[in-house]
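Structures given as structure tokens follow.
Shared chain: subunit A. Partners: subunit B in the first complex, subunit C in the second.
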Partner chain A sequence: MTFSRLEDRRLVTGAGRYVSDWNFPGQLHAAFLRADRAHARIVSINTEAARAMPGVRVVLTAADTAAAGFRSLPCAAPIPGKGGSALLKPERPVLAGDVVRFVGECVACVVAETAIAAQDAVEAIIVEYEDLPVAMTAEAAVAPGAPQLHPGIPGNVAIEFETGDPAAVAAAFEGAAHVVSLDLHNQRVVGSPMEPKGCLARHDASTGDYFVHVCTQGTTGMRAQLVATTGVPDEHVHIVAEDVGGGFGLRFNAYPEYSAIMLAARLAGAPVRWVASRSEVFLSDEHARGVTSRGEVALDAEGHFLAFRFNFLNDMGAYIAPTGPVVAVLSIRACLAGVYRVPAAVANVRLALTNSVPMAAYRGAGRPVISYMIERLVDQAATDLGIDPVELRRRNLIPTAAMPWKTVNGLGYDSGDFPAVLDKALGLSDWNGFSARRAEAGARGMLRGIGIATFIESTGGGASPDEVEARFGDHGEITIHAVSHSHGQSHETAYAELLASVLGLPRERFRLRNGDPGVRLAGNPTGGSRTMHGVGSALRVLADDIIAKGRELAARALEAASADIEFDNGVFRIAGTDRSVSLDALIERHAAGPERVFDTRSSARTGSTFPNGCHVAEVEIDPATGVVSIERYTAVDDAGNLLNPTIVAGQMHGAIVQGAGQVLGEHAIYDLETGQFLTGSFMDYAMPKAVNVHGLTIADHPVPTPTNLLGVKGVGEAGVTGSLPALMNAILAALRPVGVTHFDMPATPARVWGAVGAARAGDGRRFAHA
Partner chain B sequence: MYEFTYIKPGSLPEASDLLTRHEGAKPLSGGMTLIPTLKQRLSQPSHLVDLTGLAALKGIALVEGRLEIGAATRHVEVATSTVVRESLPALAALAAGIGDPQVRNRGTMGGSVANNDPAADYPSAVLGLAATVHTDRRSIAADDFFQGMFATALEPGELITRISFPLPERAAYAKFPHPASGYAMTGVFIAVTGGVVRVAVTGAGPGVFRWTDAEAALQASFSPAAIAGLEVDATDLNADIHAPAAYRANLVRVMALRALETLQTSSKGQ
Partner chain C sequence: MSQVSLTVNGKAVSVDVEDRTLLSSVLRENLGLTGTHIGCDTSQCGACTVHLDGRVVKSCTVLAVQAAGSDVMTIEGLAPSHDPSGATLHPVQQAFSECHALQCGFCTPGMIMAVTGLLKDTPDPDEQQIIHGLEGNLCRCTGYVNIVKAVKQAASALRA
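Take a look at the complex of A and B:
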């Protein structure tokens, strides 16, 4: 059997190596005692019985992490707050010592000879708590008189950001012919990667080195965070990772468990492994979204946008995760005006602390928040003003001739052809044929709706250059090292095909090795759809550097000046002659020598790109049950040049369905009174299923970006950025004829049925969050 | 999971004896509910008595006009059995829709009925068909067997051996799967047996129950129109984070209508 992706044979035959596949002699097992309540003072922790149990080797509490010199988990704001204010940083301990602030927070760690013995001992630990009142939603946390989560963070607001020009926006609103506003809630969701998070740490007492096997999206960020928390010097922390089973943003940060496992391995003098159960994933993996927002648009009499004004209140959970503020503000700043020519815009973002799992990056990382806000607001304006939603968009799109475009808050888009993307999507989705399909559905008693979203993304610029390294093996294999980790993005194939096409070598010659502790590179974790423009550009440089080396060697071999040597399809030739030598032959001759002449490290530095698209969704709703069925979905995207269309289609499918999951049912729910987590398993947390989605049409309209060597824009997240608004606009379009005027996600059968019933009884807003 | 002793008895009396002798012992059939609760440490049996090797609990047969199904018969066997598909197609269709392929290849009818999960599918068929539950001690009529959420007439250590179904003139099952778990958020089994209409509802309430208003209406006129206007009292139905009781009340009527629709398109139901 042949596989189109190089990694697939390994992954589908069970030969992948994940955290739980690593085992070392003498390995011990860890288990964590987690807070069973959302907010409480710890009066005492008694570990005596646990320590005395058979097979128990180490029991850690906050006293032990303090003795080891552990510090708060790190966090930072990517830009200053309003008026230059700084992030008020909550102290986040590895193990809670004084106060627990969410159900699932780690309180103690037990290491024993078996996983069962460790679990038994966890149950023997006695913690006396004194319960404190809880604040379970961002609105509740910022209300007067709310319980205060952290000393030094009054009102539970860690920072407030503002981007844009509030005075210009206020002036525009004053002179506007129409003002349309919309309150929206983007509900809290759980990422649910297939591989539960895990960590195996080994400590070498003779050198002080730690080898930490973890699920990671990239070793640099993981190592830096572990260093910041444990105080172990950077050169002694070695991250090891091979295959990683999904991330979506939640495998970026170093969870507190990882630091505890490192300490446990040192104290036990043996390797220690811990792999989370699915219950622990639900309770302690970072959650995401959780944003309450209000959007307003000012329009002139002809329906031209004059200004946008947005307010976002973000539920950040009990602590600020390292990626949390980045997700909350950067995409909103970069995509503030969407794809529209709007002269003024402003957004205010407040980060509130609540008694829940910390919030962080999740596919789209803020773009699905701003795109959802803008595109639902535009549809609301179209409805209120009686303008066709396509026509309203067309009237306001940034014209292609105006590229590059400077946005209202001083940032910019380098390229794009928004009107053409819109036209292609309208054509492929047969937008004009919808009324016939609606009539046919109506005859069957079904409500049919069509919805559109025209959106833009901003990909990750990267905190450092991306380095890559090629090492030439003795048997012709070429091993590529890079920081950005593949956890489903098929880097192994994409990198090999890129290098193979430039170097004229078969793609099977290349191996990818991420997370090799023997090769330390500068670079960025996988995230923000940036790998192909960042690492891809570095690989293009790498290929050129290898060709340059080959050219010198070819000149020597052919006894010619290197300036006279041409390179084409893997062969160096003296220009105008038939005298040639292949790169392959030069590699065979020179690569294995002691100087390793072909081994090369290269790097590139790229900035954000702006993938954009137009998605059209068509749904049918059964009013008797409230079931929403996605009947057609058309995605036209400008992701710049596409290197491997199959991988691109896979990313689009996955992200669109991930968005459909949030639209149709995913919802992380805490009990508002007790703070207990109510959707802690797949029995209660509704993942999308194959039957929910039919007939995806994926197409592209590439406008190569001039900002990187490959002209690529990135594609990992556009599907979800487009599908949240496109699907919800379609659902609203289906529900408006029965009188529903507002509806917040998720569109579960019970909520949709309830909205239809309430609308028929005269209440069209019953299922709005606000 | 806590430690336990695993025993695979060779005969039904031996299994029964083990379960009686060890107070903390639990019978293990397909384990589709028991094993997840063990893994989450929600249950701590001293012994697990594995029933899957007992020939006395197996088999599907038509005996004197009744369909007899051994308690340890797996859902996939019910779903694919020619005997069941020909004599009681609604039951085969119900079995084919339980859980997912993994569950259907492990889970058993006896295990599901003994567990009496309020959202399980089989209890609606057993009650709707007025089946008889045979145990190693006695025979129990369906109307007496189910006693609310996870509660049955079974005594400690008592084992279901087989379930005996009368063959209905018509029967159909329609369920609305829970969007997350796939369990019946509401499932309705309608059967006409010996001229008597029964309508059994699972998923909507704290345990399987008969919708007697619909039974009376359908007895008078066996048609969708007979129940289309019936209101279902939501008072005692389940309400949770997924749906209010009113939604489940609505589903009871809608699923009953859908079961009737399938009956109208085939003479024996499916």
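Take a look at the complex of A and C:
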């Protein structure tokens, strides 16, 4: 059967509905004035000229948000800090009134009859600033004498986390035969979904209801944050969304602009729409990664790991984004020792505030930070000790028979078969044939390297159960409601296929509605690769609940006891007879009645799962130009059971190439002195293109997890969790023979060319961050 | 203000616009053809790609007044241009769906319009020509793997 998704027809014909595609009668347009400097006191804001411009209806500043009772944007820490310390929360206003703390922070909002008129009026607002000194990197922010960003956050450290057993680690290091350490920088990147964020708000003055159309990964988190910020009661905030053009973590939180647009709609008495330009997206979307780290491993004489010790210093930007601390610490805590049998480990994570865009989730959300640290450290140990990197891993992998495994900080993995995953990847990548390929490349003057990463990640457990609801329409259609919002993950198809297979109905019968303001469900936004184990499990329960209802109706129709009724492939049958009635017929008879007997709400609660994999990358570097070419890439993943392998492969492709993007070029750069953002367009920020990855092989080695009904583990982020370390290990393997000993991402042609030249001149560390 | 008359998806239209108005705004805001997307402000992403007198252009980089008198085709007009009954998709649209060459779909209309143009000029492209042909279009979701596959499949469907 040819592949196609239920969402495809509208999307390939241009009939999708993204935020900027909504229009309402009388709609007005908004534009924001943003700080043009990184740190400054606001002396005055003069909006007089702007208010007098043609078509201008409303101008908002901090005075207006204060009058409306707006509060600081919310933030929280998922676990207590070291010694039980609490997160020091910076006040984050919707519109800055006293101090601006990063270039791009919102200062004023103009509403006018057209978007162009609003933009023109923004340019007529005059702000007088008094510049303050800036702290542009985490290292600079925590240094003695650094400028202080917020009152009450001394030293710009919002919290420090510690996980693991520092005493056990210290003892292990003392008795170690070898100690290997490595400093790494995981550079700041901009997630850049292709749909720029936007918001359209409508206010109904008679009921007090707000309808807020936004790019969202799920309505529950978005609504809660808007309620916390605006003070509008929860029952009056309705999030509306249909198609969302990518998210990757950046569409989870309620950006300050969204609250401002709600207020603007109320004051203007008309729908107000704002759509960010790409320049605004670069200046105001949450950025991600930005972690400086040091890892140490202690080994015995045979190369067995005795302990890991990690220190992470996270650049959090000027404020703490709602999901920022989660991203910074949870993945590190969950997968502290990776796939290895390590008796002791500890990690320390410090969150520093800097004069830059707040940091939060981007595909992987911390998973590619810990996997990158561990897997590069393991390769460094292999190099330093002269042990083959595969052999070193094999010696230390958690054996399959030891599952379920309890990790050193008391958490654990339920299932996995790491040695088999490794073997499969070695076979598919023809690891053993590499030396011949290297020799052939060498004859052409090229540097060829192969790199491996054996990794594990923890998927999101979810803050609440996931509820789903089925509503049966009058024409046989079944509408499924869920919170977790699709922004490319093919939920519409995956949900329908899952229900269709259990209920024995064609998948075309099912429609999906996320973000329907008329249906309030508990549940979690899309994130942490959790939708299929969370919502998927709820759908499985839903299907069983529908079958149970059908069984009662079938028993009545067939005049039999319900205990005697079997259900198979859409048909209820009295066991051992040929007397039957189809689910479809029962739906037709009963679903449309006033009691809507088939309408069902079900839920499930799942915990984290542990997708894992082994990725092997092979690169070729032209030492004359510094260009890195990915020649082969093999990914073997244990994502548990796969529901739709084509969709799964698509998720892997996208995530691997996002990883390749960070490895080869993506880098969000601020000027260290002025705090201006230097990579604010697709001309300056190197997005991956079709040219980047060749010879991709995707394979699976499923070990179903016993922790949910479907045995699925999740697949959204594994590609990037594996590709950062696998690709960089390959690049280092190619560069070591010419004398490069250390190299930090990104491996742009200029940096690689420079590193080769510096190494030949005797400096193997020129392009290391630390 | 200028009055601009043009043909869009086979229909004659006329709009009054400020001289600085972009073709993309006319399509989206004046004509309600929201399948043409805006993904950037520096002519890099290609989400806004349409055909102008049969040539592939980024509609965010053409002033509406420059398009006066021209014939524009947007994503909404592609399937009908292939099958006026509306029953079947254009082979490029079909190939994108069958090859899973779209995830969130935001880049997709622009990709499809660009590929349709590419295949008109280069009916049997090799891998390098496809990669080169996609240089002006960004996709954040698919890693381009299945887009390249879809171009190959569409090329052979169109040659058949």
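What we mean here is this: the second predicted complex is superposed on the first by the 767 of 770 C-alpha atoms of A that agree within 3 Å, B and C clash if a C-alpha of one lies under 4 Å from a C-alpha of the other, contacts with A are read in each partner's own complex, and residues count from 1 in each chain.
The rule is simple: contacts are C-beta pairs under 8 Å (C-beta built on N, C-alpha and C of every residue); 3 or more make two chains touch, one makes a residue touch a chain.
If you're wondering where the values come from, they're calculated on a predicted model, not measured in any experiment.
Undergrad: More residues of subunit A in touch with subunit C or with subunit B?
TA: Of subunit B and subunit C, C contacts more residues of subunit A.
Undergrad: Considering only touches as defined above, state whether A:A401 meets subunit B (first), subunit C (second), both or neither.
TA: In the superposition, A:A401 contacts neither subunit B nor subunit C.
Undergrad: Quick one: is A:S279 in contact with subunit B, with subunit C, with both, or with neither? Answer first, second, both or neither.
TA: Once the two structures are laid over each other on A, A:S279 reaches both partners.
Undergrad: Where does A:G654 make contact in the superposed view: on subunit B (first), on subunit C (second), on both, or on neither?
TA: second
Undergrad: Looking at A:A750 after the superposition, I want to know if it touches subunit B, subunit C, both of them or none. Which is it: first, second, both, neither?
TA: Only subunit B; A:A750 stays clear of subunit C.
Undergrad: When the two structures are overlaid on chain A, which partner does A:I116 contact: first (subunit B), second (subunit C), both, or neither?
TA: In the superposition, A:I116 contacts both subunit B and subunit C.
Undergrad: Contact-wise, after the overlay, does A:A686 reach subunit B, subunit C, both or neither (first, second, both, neither)?
TA: The first partner, subunit B, only.
Undergrad: Does subunit B (first) or subunit C (second) touch A:A205, or do both, or does neither?
TA: A:A205 sits against neither subunit B nor subunit C.
Undergrad: Have a look at where A:V43 lands relative to subunit B and subunit C in the superposition and call it first, second, both or neither.
TA: The answer is neither, since A:V43 touches no partner chain.
Undergrad: Both subunit B and subunit C touch subunit A; at which residues?
TA: Subunit A residues touching both partners: 116, 279, 682-683, 687.
Undergrad: In the complex formed with subunit C, which residues of subunit A make contact?
TA: For subunit A paired with subunit C, touching residues are 2-5, 7-9, 11-18, 20-21, 23, 116, 191-196, 243-246, 248, 275, 277-279, 487-490, 646-647, 649-650, 653-658, 681-683, 687-693, 696.
Undergrad: Okay, in this complex, where on subunit C does subunit A touch?
TA: Subunit C residues touching subunit A: 18, 20, 28, 32-42, 44-45, 47, 74-76, 78-79, 89, 93, 96-100, 102-109, 112, 130-131, 134-135, 138-148.
Undergrad: Which residues of subunit B touch subunit A in the complex?
TA: It is residues 1-3, 40-41, 176, 179-181, 183, 241-244, 246-247, 250-251, 254 of subunit B that touch subunit A.
Undergrad: Which positions of subunit A touch subunit B when the two form their complex?
TA: These residues of subunit A touch subunit B: 116, 119-120, 123, 279, 624-626, 664-665, 669, 678-679, 682-687, 748-750, 753-754.
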